[in-house]
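Chains here go by letter, A, B, C, D, E and F, matching the order in which they are written, and residues are numbered from 1 within each.
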Amino acid sequence: MVYITRIEHFNAAHKLYNPGWTREKNEEVFGKCANEHWHGHNFDLYVTIKGEPDAETGFVYDVKKLSILIREQVIDKLDHKNLNLDVPFMKDKLCSIENLVIGIWNELEPALPAGIQLHSLKLYETPRIFVEYFG
Amino acid sequence: MVYITRIEHFNAAHKLYNPGWTREKNEEVFGKCANEHWHGHNFDLYVTIKGEPDAETGFVYDVKKLSILIREQVIDKLDHKNLNLDVPFMKDKLCSIENLVIGIWNELEPALPAGIQLHSLKLYETPRIFVEYFG
Amino acid sequence: MVYITRIEHFNAAHKLYNPGWTREKNEEVFGKCANEHWHGHNFDLYVTIKGEPDAETGFVYDVKKLSILIREQVIDKLDHKNLNLDVPFMKDKLCSIENLVIGIWNELEPALPAGIQLHSLKLYETPRIFVEYFG
Amino acid sequence: MVYITRIEHFNAAHKLYNPGWTREKNEEVFGKCANEHWHGHNFDLYVTIKGEPDAETGFVYDVKKLSILIREQVIDKLDHKNLNLDVPFMKDKLCSIENLVIGIWNELEPALPAGIQLHSLKLYETPRIFVEYFG
Amino acid sequence: MVYITRIEHFNAAHKLYNPGWTREKNEEVFGKCANEHWHGHNFDLYVTIKGEPDAETGFVYDVKKLSILIREQVIDKLDHKNLNLDVPFMKDKLCSIENLVIGIWNELEPALPAGIQLHSLKLYETPRIFVEYFG
Amino acid sequence: MVYITRIEHFNAAHKLYNPGWTREKNEEVFGKCANEHWHGHNFDLYVTIKGEPDAETGFVYDVKKLSILIREQVIDKLDHKNLNLDVPFMKDKLCSIENLVIGIWNELEPALPAGIQLHSLKLYETPRIFVEYFG
C-alpha cells in the first residue's frame, strides 16, 4: 500500500459567527474572527489517497487526474469565494476549518473513481494552524 | 551599513473593484478577484531598516521594538480586517497589493524613531505573488 | 473525529552530555553536540489535539486558547533558555530531542481541559531533523 | 515509543515510459512525463525510525549515523543519476515515485542495525506531490 | 515605483558538459553534474517587473497576464524538457543556471508590453542554490 | 553580470550581553536574550557572489567550490559553537547578528579567489529575523 498526496491552493474570505448568538457573544467567543466585514486566508489543501501501484503505469492513481478532480470538486467551489455566502455545502454551518475539512471530504470522496481510497485531507488555514480528517 | 528585516503576519479580506466601472467591466478586468462577497489572504510583511550597529548594543535598532512598532502602526489596522471597508488609509483607493504596500509605508515610515531609516517593504499576498517598495 | 494542530516556536541552548562518562567518551559519542560551551537551535513545536467539532462553535477546541495554553505550559519554560540548566523537567535527563518531546508531553497533557485529547507532538530541532510522540 | 525523522536530498532525471507500449500510448498516458529526452526533479526523502530512547544517550538512534546510512544505502545510488538507466534497483520497473519509494525501502530497511525499526518513508517529487510508504 | 514578482515552476533534465573537452576533463570540472545520462531539478523562477500602479486598476501590470506571458514565453519551452537537447535558446551553450537565466531574460524581456520594465529574474536550481540577473 | 547565491546552515549558542553594564541594565535592554545561561539558533547564511559566466564552464564560480570555501572559512568556526566564547573573530564584540554578519564578511571576503566579487551576505537568526550586509 502506497499513499500519494497532491497539494492544491485556494484563497477565500470567511467569518466565524453563530447567528443564534448576539453580536457581543460572537465577539467574546470568536474575537477578531467574528469581524462582520469578513477576513480571509490562503488555504493549502493536502489530498492523500492510497492503493497498490498499477503494474502497467506504476501509479496508485494518475496525480494529474487527481489534481483535475480536486479542482473540479473542491477548488472551483472555494477559490476567491466567501465561504459563508458562496459555498452551498457550508450553508448553515459554522465556518470553522474543522467543518470546512469535513465538507470538502463529502464533496471529494464520492467523486473518486471506484477502487481509489481517500485516506486523509489536511487543510492549512495559516502557516501555523491546520486540521486533518480521515473520514 | 547593515540592513535588518523583521517579518510580521496578518490576514484580511478584500476585493478588487473600481466603483467607477460597471460590474461587468470589473469582472472582465479583475476576474475572480472582483467577487462582490470578497475573498482573502494570509499576508507576510517584511520590514527592512538600515543603519550602523550601535557600539553599546550591537543593534541597528532593537528588533523587538521594531516588531511592536509594526504591530501598532500596521498589523493592528489590517489583521482580520476587510481592507476595502475597515482600513482608513485604503479608503477610496483600489485595493491592490501595489496600493497596499504604499499605504503601509506611509503609516510606518513617519512613526520610526529619528535616525532609523526605512529601506524597503516586501508584501506577500500568496506564496507566488509579492510586491516591494522602497519609498 | 477531526485533528487540529497549532505550531509554536522557541529557541534555546543545549548540549548532549552524559555526566557519567568522561569528556572523551562524550565527544566520541556526541561529537560537536557535546561542546561544553553549548550550542542551540530554533525549535518548532506542533501540538495536535483531536475531537468532534462543537455544534455551536465549530471548534474541536479554540485554537487561540490552545496557543495560550502551549505558551504557558511549554514555551515560557523553554524559550531563550538553556535546556540543560534552566528547565526543571529536563533535570538529570539526557537533553536529546527524544527526551525533550516526552518532557513536553508530560507538561502539556495534564493541563488540557477535560474532554480534549492530546494526539501527538512533533518537534523540529533543525529543518532536517524532527521527532514525533504519541504518548 | 518515539519517532525520529531525518530528511535527505537528491536530484535525478527520469521519464515515465512503459516499454511494452507504443510511443503514442506512452504520451497519451504519461503526457509530458514521457519525454524521451528525460526530465528531472529535486527529491526530498524523509526517513522515520521508531524506538525507545536509550537511557545512556537519549537517542532512539544516533541521527548522524542514520544520515550516513541513508547516504550510503540510498542517496549515493540516486543523486545526480538517471533513475531509469543508472539505478540497478529500478531496472525493469516503471519509474514512478510509488515504485521508487518501495525500492528505497528495500535498500534501506535491511541495512538498519538490529533493533532499529524503519517506520516510514516520505518522498517529495515536487513541492506539491509526495508519497509515503510504511513497508 | 513598485516592484511586483510572480513565481513560476518548471522541472527539467540537464547535464553540465563542455563538448570541446574530454570526458575525463568534464568529470574533473563538473563532477556528478557531468553524468552523461543526465540529472534534473525542480526550478523556481521569480520574475520581477516594476512601474507605477495604474490609477484605474491599482496594478503595475495584471499579475495574471504576467503569469500567462511567463508560461508562454518561458515555462512551456522548459517544463519537462531536457535543457541541453530540447531548448533552442540553450543550443550550443553550457547549460549552467547562469547561462539559463540569461537565456530566459532574452526570451521574456522582448515579449513584455510597452511600458512594462523587467527588473530582475531569480532562478532556484535547488533549495540552496539560486542566481539573479538584472539584464 | 550574474549573481549566484549558495545557502549554508549552522547552529550555535549566544547571548546578548554588554560586560560594561550591570546585569539589570543588560536584562532591561536585551530581555530574554541576556540569559546568562545562553540560548541558541539555527542560522541560515546566504552568500552571494557576482561576475560574468566563464565561457568554458558557464560558471561565475563553481558553486561546489564556493560551498567548500564557506564551510572552511565560516561554518567550521561557527557550527555547534558558542558565538561569545568560541569564536575568535567575535571576541570583545556584542554578539548581535548585525556584528556577526560583518564578522563573517571579514572572514570570507579575503579568502575568495582573485576576480570573484562578494556581493552580499544574508543571515537568518530566526525564520522572522534576518540581516543583510554589502561590505
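Here is the rule we go by: contacts are C-beta pairs under 8 Å (C-beta built on N, C-alpha and C of every residue); 3 or more make two chains touch, one makes a residue touch a chain.
Just so it is clear, the structure is predicted and the values come from calculations on it, not from any experiment.
Least step count on the touch graph, chain C to chain D: 1.
Seen from the C-alpha centroid of chain D, the farthest chain centroid is that of B.
Over half of the residue-numbered contact pairs of C-D are shared by just one pair in D-E, A-B or B-F, which is B-F. Note on interfaces A-B and B-E: more C-beta pairs are in contact across A-B. The chain with its C-alpha centre at the largest distance from the centre of chain F is A. Centre-to-centre separation of chain C and chain F, using mean CA positions: 28 Å.
Inter-chain spacing, taken between the CA centroids of chain B and chain D, is 41 Å. Rounded to a whole number, the gap between the C-alpha centres of chain D and chain F is 33 angstrom.
Chain contacts: chain F has residues 127 touching two or more partner chains.
Inter-chain contacts occur between A-B, A-C, A-D, B-E, B-F, C-D, C-F, D-E, E-F.
Across the complex, chain F is touched by residues 16, 18, 20-21, 29-31, 93-99, 101-102, 127-134 of chain E.
Residues 1-8, 48, 53, 56-60, 62-64 of chain B touch chain F in their complex. Those residues of chain F that touch chain C in the shared complex are 9, 11-14, 32-33, 35, 37-42, 79-82, 85-86, 126-127.
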